[in-house]
Amino acid sequence: ACGGGGTDSNTDSSGGGTTTAAFDAANGKVFNPSDKKGGTMKFAISSDWDSVDPGDTYYGLSWNLARLYTRSLTMFKVGAGSTSSELTGDLAEGLGVPSDGGKTWTYKLRQGLKFEDGTPITSKDVEYGVSRSLEKSALVNGPTYFNDFLDLKGYKGPYSSKGQDNPAIDTPDDLTIVFHLNKPFGGFDYFAQIPATAPVPVAKDTGVKYKEHVVSSGPYKFESYEAGKGFKLVRNDQWDQSTDPNRKALPDGYDVTIGANADDIDNQIIDGSLDVDIAGTGVQPAALSRVLGQPDLKARADNPLSARLNYTSINPNVGPLKNIECRKAVEYAADRTTYQTAYGGPEAGGEIATGLLPPQIPGFQKLDVWSMGADNKGDLDKAKAALQACGQPNGFETNIAYRAERPKEKATAEALQQSLARVGIKLTLKPFPTGDYFSLYAGKPSYRDQNNLGLMLNSWGADWNDGFGFLSQIVDGRVIRDTGGSSNLSVNVPEINTMVDQAIAETDTAKRDALWGAIDKRVMEEAVILPGVWAKQVTVRSTRTTNVFVNDAYGMYDFLAMGIQ
Amino acid sequence: MVAYIIRRLFGAVLTLVVVSMITFGIFYLVPRWAGGTAESLASRYVGRTANAQQVADAAHGLGLDKPFFVQYWDWLQAIFVGRDFTGVGPAPVHCPAPCLGYSFIGRNPVLPDILDRLPVTASLAFGAAIIWLIFGVSTGVLSALKRGSIFDRAAMGVALGGVSLPIFWTGLVSLVIFSYGLHWTKPGGAYTPIEVNPGEWAYSLLLPWITLALLFSAAYARLTRAGMLETMGEDYIRTARAKGLRERTVVTKHGLRAALTPIATIFGLDVGLLLGGAVLTESTFSLPGIGKYAIDAINTNDMPKVMGFVIFSAGFVVIANLIVDVVYAVIDPRVRLA
Amino acid sequence: MTESIAREGVATQTPSKEALLSVQGLQKHFPITKGLFKRQVAAVKAVDGIDFDVYKGETLGLVGESGCGKSTTGRLITRLSEPTGGRITFDGSDISHLGTGAMRPYRRDMQMIFQDPFSSLNPRHTVGAIVGAPFHIQGVKTEHGVKRAVQDLLKLVGLNPEHYNRYPHEFSGGQRQRIGIARTLALKPKLIVADEPVSALDVSIQAQVVNLLEDLQEELGLTYVVIAHDLSVVRHISDRVAVMYLGKIVEVADRESLYSNPRHPYTVALMSAVPVPNPRRRESNQRERVLLTGDVPSPIDPPSGCRFRTRCWKAQEICATTEPPLVVREGDSPDHATACHFPVADNEEVAGRSKAA
Amino acid sequence: MPAPDAFLDVRDLRIHFPTDDGLVKSVDGLNFKLQRGKTLGIVGESGSGKSVTSLGILGLHNKRNARVSGEILLDGTDIVSADPEAVRKMRGRRMAMIFQDPLSAMHPYYTVGHQIVEAYRVHNNVSKAVAKKHAIDLLGRVGIPQPDRRVDDYPHQFSGGMRQRAMIAMALSCDPELLIADEPTTALDVTVQAQILDLMRDLQQEFNSALIIITHDLGVVAELADDVLVMYGGKCIEYGSAVTIFEEPEHPYTWGLLGSMPRLDRGVTNRLMPIKGTPPSLINVPSGCAFHPRCAYEPQTGGRGTTEVPELVESGRGHLVRCHLPVAERKRIWQEQVRPKLEAGS
Amino acid sequence: MVVGPDASISDQVPVGEPPAEAEGSQKAIEGRSLGQIAWRRLKRDKAAMAGGIVIILLILIAIFAPLIVHAWGYDPNSFHQETMDPATQAPTSTFPFGAFDSKHLMGVEPPFGRDIFSRVLYGARISLLIAFLATLLSVVIGATLGVIAGYLGGWADWLISRAMDLFLAFPILVFAIALAGVIPDKAFGLSGDTLRIVLLIFIIGFFNWGYMARIVRGQTLSLREREFVDASRSLGARSGYILRKELLPNLVAPILIYATLLIPTNILFEAGLSFLGVGIRPPTATWGGMLSEAVRYYTMPHFMFWPGLAIFVTVLAFNLFGDGLRDALDPKTR
């Protein structure tokens, strides 16, 4: 069942619904549509995510979830298939209005918006939410788009630049908010859907502690919050359906358990006592054979493709890998099937990737830069030839870094170790603590170069489904910082940087998509990235949920739409 | 006795200071062996947009650039007077006394976090302790009384097996069978506090209790048996029989009473150790207790948490030691504490 | 059972009055610590100022009740422990405070026999190694090699020399005690201190060892200090006897004089308490017995003045204030010294079934 | 011969222990009788089976590791074959025991008073307070000063002599008819020993109980016993009145015991007369007369000593001896050879 | 030189031995040492002997793992993807879980189909190596410090006893985990598995000496009170002599006993560390590591079963043997 399996789902028309259980029934269509209100949804996850603070979060699941208790300026449409990739106004009446060649963006807020305590939401609250998210030394987790694109003129944020006004954001009246950018950017509406644009009342902002009491602007508010253990959401009576065309708010509340046993989550979903694993990464390997093996269970499973690439960065700054021939040898010698197996096989792991851009992102093209050999098991002859050309005919030694707590990355490292050994490239496995992987180890240029980290496992999901949302943070060499923390571990080619600038500035969508596609190919040619798999997962639908469908923007079930039977 | 307790408390505090110093030393030194500098250590706390100056400020504000003893002193002092950190985040961060450290990854002081998890670990430890005391001791006593019988051999065989089983394996196997397979018990992870729902509480801890108790029951059965065999051979048992006491009285009042004394000691220490974090059990059953906290802290490389944990659990052991000694003196009139 | 070689030669001849060992004011206090800082709050005055001489070739017996400081005295004179005060002169040299190294040469001349034949032999060493140890430790060269010397010693103490390679656990208590004795004899010592050498043995074995000690003394001209609590054994083996009470010597005299004419009330009580193996004299024994009441006071806080006064039926006021010196009493032979204000007179009626107050 | 209506009648008592190394015949065919108000002394070397016998009489051997056979008739009831529960009820009430080492024989965790009260209350249905009063009474009777205060002390707070007194009080708590004292004074100093022996004698007279005193100290036996039983290798080798045993012993082993002992009541003998060799193994008891390897007169038995187990035969009124030597010969040897040597120098 | 006639009594054999043996033979009988007696006792203890045999087998297996694997297995790290269903990541073998197959004796490991048999065998090498050497380290540190504390007493004792308390108060497991987590990749001229093995040995050994020291100290204290030490001193022996010649031979038995009983603890300790992911680095096979992987595949119980069984059998064997050894060398405890 290989080969472009996921792409067909995108062609489905949105809004279609079905009630017959079948494999992949909620992928691209709505399974079990219903408008019934009531009930409490049970969510669980095995390990905590960064934060529930809208200004301090960068996890897809968190952005998906945040829509329950906050509203941002714009949002992805709530719908199956490609619908979910489209933006629409949320707090704002509609999408932003660009002016000044895309350097200024203006949004009009809806009437009658209120916080959970009844105070009206104004454009000032939105400005404050964005401003505080700039404080990356306090709210460290969120994306840095606003830091990078707003014309801040030295403004650091409401904590650091106390008493100053954010010069990049104007609020001419309570319902209007204007953003000034430092360069033209056509995709600002994507920025506007980041949870950081959710309004935050200044008086209630407790900085890093705000996560303990997020003030709701959405249909649900926090009833309780216990760090690391879970929280409960209940209806926010100040939310007004009339101000919100996107949310149906079917359940009466949500119980979110954090730190549950991962295998148990699978079991509970299978037997119906739990609704959703909010991690959205699919069932655990233990349940996989069961789910795929038993027809009745398989009929309850979906196999969505997410806009995520699991790949390996090849460090062009260490040892023989400085020579592109040696990097080519790695590309040729890698056995892509074991890479895929390491991630869970064709269904649970993903499709073998040929380039960076996942198929569902506009601009995608099927590349064939480096031969993957017969059955994708690697082209050993070419690899050997490349090694010869590199002057290392007998191979060489280098290290492969991965995140210690990620078994799949560990398996991948083992898989690469095996497959590269076939041409004499010896890999030593180097696990690093997940939390510091980017900030201190693989993500820190001085560290990775000094410690001879030749290969580094990496994984990147689109912030949203377009070329910028996917590629900008991993191919632009200028995001690499000496202090570490960048997701781009190996791509720093001036020519590519220029191409990125061109793509950003391009206002024509089709041309822009093509430009991103070209960047993809160009990066591949550098042989600094060994693509692994475009992630897919096998997820199981709970028996009691309604309105189940995969939101393509997040690559997982849409939490907002679900209801209880 | 009072003087003794005071002296021991004094010793306990000293022990903790030394433990903390060693721990601190190791966590201070090892990252530096690995090539860490004050700046590189600080850089994890400053976020992704920080520039070199901000990193340097953070390193300074956290005191990472100070010599070892100054840093240790700062840490120690914080326990009594609290501490302010600067350079990380726009405002100074205050960690109120008693400050066992402040986690910049979790953005909170360590102690309240640990205390928050204590009920889980305590529930686990005490619940299991009750089970293993009942099972272990009664099996041990019966075995000793029926020495050489089939029961004795079987029980001791099982006990030897029990102490030879790795707890994480027993835990996994029982999880797979009883939780995933038969759905009899909860697999852990979702702990319900006793005050919320005692039934749920017990239900959620059932499997960890049994698993932990299995290991300890086995050990205690062996200990009790050995102790009983020893005391039942004592002269005073013969005296008790010569007085014409009923065998049951002889066994319980004279034999068991004496045999249990050393077991009480070990029991105290075991519970003390467990309260300081049943690491393997908690991670096998994903119980959000102190042990899991420690593992998580280690996995996220959150050194202030690890430090705080080490001191906290060492404190339990030290206090358990002290209590055991005092209790011993109460149980055994021959022991005079001076 | 044939009678032994007559012992008259040695027994009748008065020991030469040359002191081999001389002890003056010997003290040993064991500190008792307490409180937060382990302050010394008191001391067990195990031995509290004793004087005696041991003459060449004689046997001095040391008797007393349990805990009166006999063993401590023995350990002090063999310098196994450090005296708190006083002087020990051995063969003319002051050895009171010599260190381990300085003491080593003297150790050849002064040996010890221990009470417990089970714990005094290292269970992991062969008999040969145990008896040969003195040669190794002192670096003594032997004419025909150590093995030969050891076997000679074994023969000397009545053991089969073939058992050179056996381990102590293969021997009975009496045989073990012989091994211990062989070890002490290896270096041909002048003085042997025996701390309860036979108390751990059965009666029949006890006699074998006592005989052996006597024979060896005769053969090798040894000087003994024998510590025992069994008055009959002490009488049998000793030439002179010292009686200890609570860290003090209360009476010292030659055997005949002491047993026939005890002066100190404690000695009297001690001797009268020994059961006599004669059922016919049962009644008279009971009548003559002085029964002491109470227990031996604690050596931590001994009674003032005369230490025996708390149990003595003759005690008067002076006993509480003045400590009686150990001196020769009127009418006694010159080597019969008693530390008592009111020594028991020759034909004093001390007994009766009344308990001594 | 003891009168037929003996209070305690032990008949052919055998107590064997099967062990890894073989069968330990600790007691092997023991017979004796004891009347009320009389005292029997049992002497013998270490390991001759004295303690095992006394435990056997109290029925304290564990069925699992001891094989007890024969009869122990206490006032007509056979303890060996009786129901264990019945024997338990007899223990403490009808027969009691005083052990050698009072420190280890008393429970360290309970007060002395508690331990006496416990002994009293198993057999008497009285309140704790009454029992405690009784305990204080008893402690006073055995000569413990301030018994009302010391009753609440723990054994370790007593001195050795006081502990032994407390043991005696405990044994006497139910006025037993048979009292067995297993080396009651061995751990004590002579002065204390004298007090205890005195006490036991007085108490026995007061209660008119039968007393068995076990010891290896012939002096103690001479002080207390009416009759003496000499044990060797698990067997009785000589039995007789105390005077007979001390003045006309007929067994070479008894001679040896007497000869081994320095005595204060005699002059200083020049030499002790020990028994050569060591006590026999109870697993491989020497063939024939168990004493033959150590016996100087073994050649005079004409080889029977090594092959034939001698019978215990009466050689005079109530005097039983287990020896191959002809009676006349034994008497002659004692009179002509042994006795003079023992008394030499007196 | 004639000593009194009854003093030179011919030696009798001690109680418990047939008199005939000694009586008849005047020639030197080689005495049996305590070691020989212990061995005789041990031989009678069937469970202990079984434990001992298993231990020997395990050691042989560990040593000859490459040969055995060569005959019946595969390289422990090589993949056998053909044995796995790529989608479900379960073994395709018709044998239950792929085990007991002639190709893969214990089945194969998800997801790559590595041969479990070979990995278990290779795991034995690591487990035993670490357990043995760590025990050795603990024993060396513990015994040395214990003897010093017990023999010298005073300040040395105080200091060492406090250090012992300290180490016993440490939450060792967590501490070891934390430490193993921050170990650098290269140090002391070592790297990779070698470095980690060395460091694990060091960590496990270093944190476990307290118990050993406590026992040795206690033993030394009681031995010091035995009169043979005084006897040696009264002969003028120096401390060094007493330590080496008098005390040490008597300490061998307890040290041996507790070393045997420490080994299983250390095996569990290492497995625990590997289980928590801070032990030896993958792909090197260790039992604990295999178990921690197996957790994710609990629906394929064979993967959990074999390494768990290996740990269990090994630890059990050492416990059995250690118990037996204790009974044999120290009959008091029976």
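Going in written order, the chains are labelled A, B, C, D and E, and every chain counts its residues from 1.
Assume a residue touches a chain if its C-beta (ideal position, glycine included) is under 8 Å from a C-beta of that chain, and two chains touch if they have at least 3 such contacts.
By chain, with names taken from UniProt: B, E = Peptide/nickel transport system permease protein; C, D = Peptide/nickel transport system ATP-binding protein.
This is a predicted model, so every value here is computed, not measured.
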Problem set entry | Shared chain contacts [chain B and chain C, defined touch] | D, E
For this session: Output the touching-based chain groups remaining when chain B is disregarded and all other chains stay put.
Result: one piece
Exercise. So what's the Cα centroid distance for chain D and chain E, whole Å?
Worked result: 50
Exercise. Measuring from the mean C-alpha position of chain B to the mean C-alpha position of chain D, what distance in angstrom results?
Worked result: 55
Problem set entry | Centre-to-centre distance between chain C and chain A (centres being mean Cα positions), rounded to whole Å | 92
Seminar exercise, completed: Where chain C touches two or more other chains simultaneously, the residues are 1, 4, 172, 175, 208, 211, 214
Exercise. Mind pulling the chain E residues that touch 2 or more other chains?
Worked result: 4, 6, 9, 12, 14-15, 17, 181, 185, 298
For this session: Check each residue of chain A and list the ones that touch at least two other chains.
Result: 263, 286, 404-405, 433
Seminar exercise, completed: In their shared complex, chain A is touched by residues of chain B numbered 35, 40, 43-44, 46-52, 54-55, 58, 88-91, 105-108, 113, 175, 179-180, 183, 186-190, 285-286, 288, 299-302
Exercise. What does chain B use to touch chain D in their complex?
Worked result: 147-148, 234-236, 238-247, 249, 254, 257-258, 331-334
Problem set entry | Contact footprint of chain B on chain D as seen in their complex | 55, 58, 60, 64, 88-93, 96-97, 99, 101, 104-109, 118-119, 122-123, 154, 156, 167, 170-171
Seminar exercise, completed: So, in the complex, the side of chain E touching chain A is made of residues 77-79, 81, 84-90, 110-112, 181, 185, 191-192, 277, 281-283, 293, 296-300
For this session: Using the touch definition up top, name the residues of chain E that touch chain B in the complex.
Result: 162, 165-166, 168-171, 173-175, 177-179, 181-185, 187, 264, 268, 271-272, 275-276, 278, 288, 291, 294-295, 298, 301, 304, 308, 311-312, 315-316, 319-320, 323, 333
